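Per-chain numbering from 1; labels A, B, C, D, E and F assigned in written order.
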Amino acid sequence: MSVIAIYPGTFDPITNGHIDILERASGLFEKIIVTVANNPSKTPLFTDDERLVMIRESINHIPNTEAVMFSGLVVDFAIKTGAKAIIRGLRALSDFEYEFQMALMNHKLAPEVRTVFLMPNEKYTYLNSSLIRQLAQFNADVTEFVPDCVLQALTQKFGH
Amino acid sequence: MSVIAIYPGTFDPITNGHIDILERASGLFEKIIVTVANNPSKTPLFTDDERLVMIRESINHIPNTEAVMFSGLVVDFAIKTGAKAIIRGLRALSDFEYEFQMALMNHKLAPEVRTVFLMPNEKYTYLNSSLIRQLAQFNADVTEFVPDCVLQALTQKFGH
Amino acid sequence: MSVIAIYPGTFDPITNGHIDILERASGLFEKIIVTVANNPSKTPLFTDDERLVMIRESINHIPNTEAVMFSGLVVDFAIKTGAKAIIRGLRALSDFEYEFQMALMNHKLAPEVRTVFLMPNEKYTYLNSSLIRQLAQFNADVTEFVPDCVLQALTQKFGH
Amino acid sequence: MSVIAIYPGTFDPITNGHIDILERASGLFEKIIVTVANNPSKTPLFTDDERLVMIRESINHIPNTEAVMFSGLVVDFAIKTGAKAIIRGLRALSDFEYEFQMALMNHKLAPEVRTVFLMPNEKYTYLNSSLIRQLAQFNADVTEFVPDCVLQALTQKFGH
Amino acid sequence: MSVIAIYPGTFDPITNGHIDILERASGLFEKIIVTVANNPSKTPLFTDDERLVMIRESINHIPNTEAVMFSGLVVDFAIKTGAKAIIRGLRALSDFEYEFQMALMNHKLAPEVRTVFLMPNEKYTYLNSSLIRQLAQFNADVTEFVPDCVLQALTQKFGH
Amino acid sequence: MSVIAIYPGTFDPITNGHIDILERASGLFEKIIVTVANNPSKTPLFTDDERLVMIRESINHIPNTEAVMFSGLVVDFAIKTGAKAIIRGLRALSDFEYEFQMALMNHKLAPEVRTVFLMPNEKYTYLNSSLIRQLAQFNADVTEFVPDCVLQALTQKFGH
């Protein structure tokens, strides 16, 4: 059985929580495509290119993964690439309803694509990209939560 | 990649919600072993044998599945059979914390085994075996929620 | 429009929270039948008769209400009496999933009967009969939470 | 007993979930007034007129309903029209706290007006207007979730 | 033991819920410093000065409290002032995850500073500053929820 | 300010999560009395004496703590000993409502006693005594979650 999975997100920026999910998924599926949302209506801290470069550098130790930019509906991308699974990290209660809404909707739009939830290490339970941006802005030490290349990019961005 | 997954539970009795989860999982993993808990401290409505027979009859249309009785820790069984994934249905909020507690604990006991959460069809969101037992006891019609063999077993058990 | 509603529960014992819900409902529906669960598998603190007597005394200031014992499925009783609404108090998060499970199941069993949720005064948010029994057992003052007749019955029961 | 109820919302646009709630409420109350929020600080996708026209077309099979625009506090409108009930759909956990906050506040502002919660069919559990707008924007098929006139309006709005 | 605690927030405006928390905390700690967030990226209804003046007037009956403006990370302020506790009100479920995220993050940044949660009176369970601003805008009576000086400031601000 | 706090619980057995809470509390209050529930209606795994001995051994590195057996209402004990604070660990969502119910009720019974919630390290988020008993029964390694003396007692109890 050779299942392709996609792991969609904004990754603004990628955190150690995302990487933990990818490491768990890499042992379960043949290939995992990280699909990075290009959402014109949001203004991310990092550009499309910056986010993609940081992801690729952060995941190159996980052999069966790759990263691409993407805009549109996740299920459309899944169908186009033949992916049978959408991977989502489920960290805390606040994720629950949004993720279930998306999973049910995606199931209606493409029943052959399954949403698969993985839980990160509990030390990442309350971690998300928005918190990282906020902490970095105030010059707090986020070494524990992001890969090196993201740490450098944050330092540069906020000019500390 | 040839991943074996286990799907643990008490299945007292198996419901259409369980079967929906298994159908989703069957497209993602090479083999799925339904492990039926033999818990001496609980008194199930159906005996070990009754539960196992109903499960086998209910899932024989899903080729890459099998069912076995099991007592002890789920991760020990996973390690013994070489399973790399534990499948759990995540239906509603009330499942959330118990499932996360179990997943984190299992991760500590056996980091190489991943807990994979799948969401059933929303029509099974509020369905569980305990509700089925309760409804059947009052002679309510549960045709929509359980396979035929379970329906017959419930009728026999409650003598309606 | 002349709608009959039922308000099911165990009422072991009735609390001011229950009465608050009934007062709210009494302005919305023609008649409200308090249906008191006679559940042979549970051992309530108060007998069927004791509970019924306390309810009747506590609600006799609300003209369009009455109380009866009942065993079986709530929807069966609703259909038999022509009730179109089942009233449920929704106090706190912990009520949420159980109540939704019941409401969905009852909707499937009898689509013509609607479950109507009312919210009690916030001072009753964390009040329930089980807490009252527990507090009374330790001789705590529960005057604020139950009607007079219940207060007396608790004092007698626990012999303080 | 002749109770008038109001069903307030933004309805941008009305969905089958809203209509399901209205159909349930129509059997319980004498008249139901759908009050459509005219909130100058938000920019809805559809104008006041567009929303009102779509609602009226979608609910004209439910005899005891009508729809009006409204700005201000919901309880003020309830008092002015003599409504004794405010109807709210309670779908999922995320609704819970906001709805309870509103219900408690409205109870303080106008104790004679009751908030009545109804639960939609479980297939609408994760449906809301914002999700519909998002899906329609990406050209996803939302036929199952909105009435025909809304489907057409969305197609026109997004020019697919 | 002489413990200094800080009570951070935006206080736009201070409510009776905040004051309730402070009254509870004042019996537990030697001194409580109310730190008022000066967040340049948000536009509060009341200016820094207005908020500070209202807080000082509202808490001058609680002897061991003081109020200061502050920008930056709360833990940095705690360390600078030698505070060993951060006080947070925990009212309802919606506070839970955000507060836990903050508490865990602050613990990582400064392990010697403890986050202490207090629960306000249940009549303030669903109260927050944003609701007060919204109600005042529509000329609803908020006398029960804010101190006198805030009531006057709201009346002036909205020109009723 | 010299505040005595009590930390009530069943402690069957004490875990590293409890100890983490006590270490946090020890820096905030003058003295902390661990009150161990003697609940005749429950049958704990460990006797009163066993639990008390394990607690005392586990907390003797925290100077301002002591442990005593206790039966009855926690607030009665607080009043008798002059304690002004009840300490509770708040780990996860499932604790939330029960703890709030208790805190509100205790506030009504004794307004001068405050309930103070502390959050343990996130690695103890999903840890509780019941899980420990369950895991130990199946011979799982719980070294990471309990102090040495508890580990030995569990081994002896389950005869592995």
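FYI, a residue touches a chain if its C-beta (ideal position, glycine included) is under 8 Å from a C-beta of that chain, and two chains touch if they have at least 3 such contacts.
Note that the structure is predicted; figures quoted are calculated from it, not measured.
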**Asked** chain C-chain E contact: same residues or different, taking over half shared as same?
**Response** same
**Prompt:** Quick one: which of E-F, A-F or B-F reuses the B-C interface, over half of the residue-numbered contact pairs in common?
**Reply:** B-F
**Request:** Pick out whichever of the two, A-E or B-D, is joined by more C-beta pairs in contact.
**Result:** A-E
**Prompt:** Where the centres are mean C-alpha positions, what is the separation of chain C from chain F, in Å?
**Reply:** 35
**Request:** Go ahead and note the Å separation of the Cα centroids belonging to chain B and chain E.
**Result:** 48
**Message:** Need the CA-centroid distance for the pair chain C / chain D, whole Å please.
**Reply:** 30
**Fill in**
Where chain C touches two or more other chains at once, the residues are 93, 96, 100, 104, 122, 125-126
**Asked** For each chain, which other chains does it touch, given as pairs?
**Response** A-B, A-D, A-E, A-F, B-C, B-D, B-F, C-D, C-E, C-F, D-E, E-F
**Message:** Going by the contact rule set out above, which residues of chain D touch chain A in the complex?
**Reply:** 92-94, 125-126, 131, 135, 138, 140-141, 144
**Asked** Which residues, counting only chain C, touch chain B once they are in their complex?
**Response** 72-73, 76, 96-97, 100-101, 104-105, 108-109
**Request:** Within their complex, state which residues of chain C touch chain E.
**Result:** 93, 122-123, 125-126
**Fill in**
The answer for chain F against chain E in the complex is residues 1-3, 24-25, 27-30, 84-85, 90, 93, 96, 100, 103-104, 107, 112, 114-119, 121-122
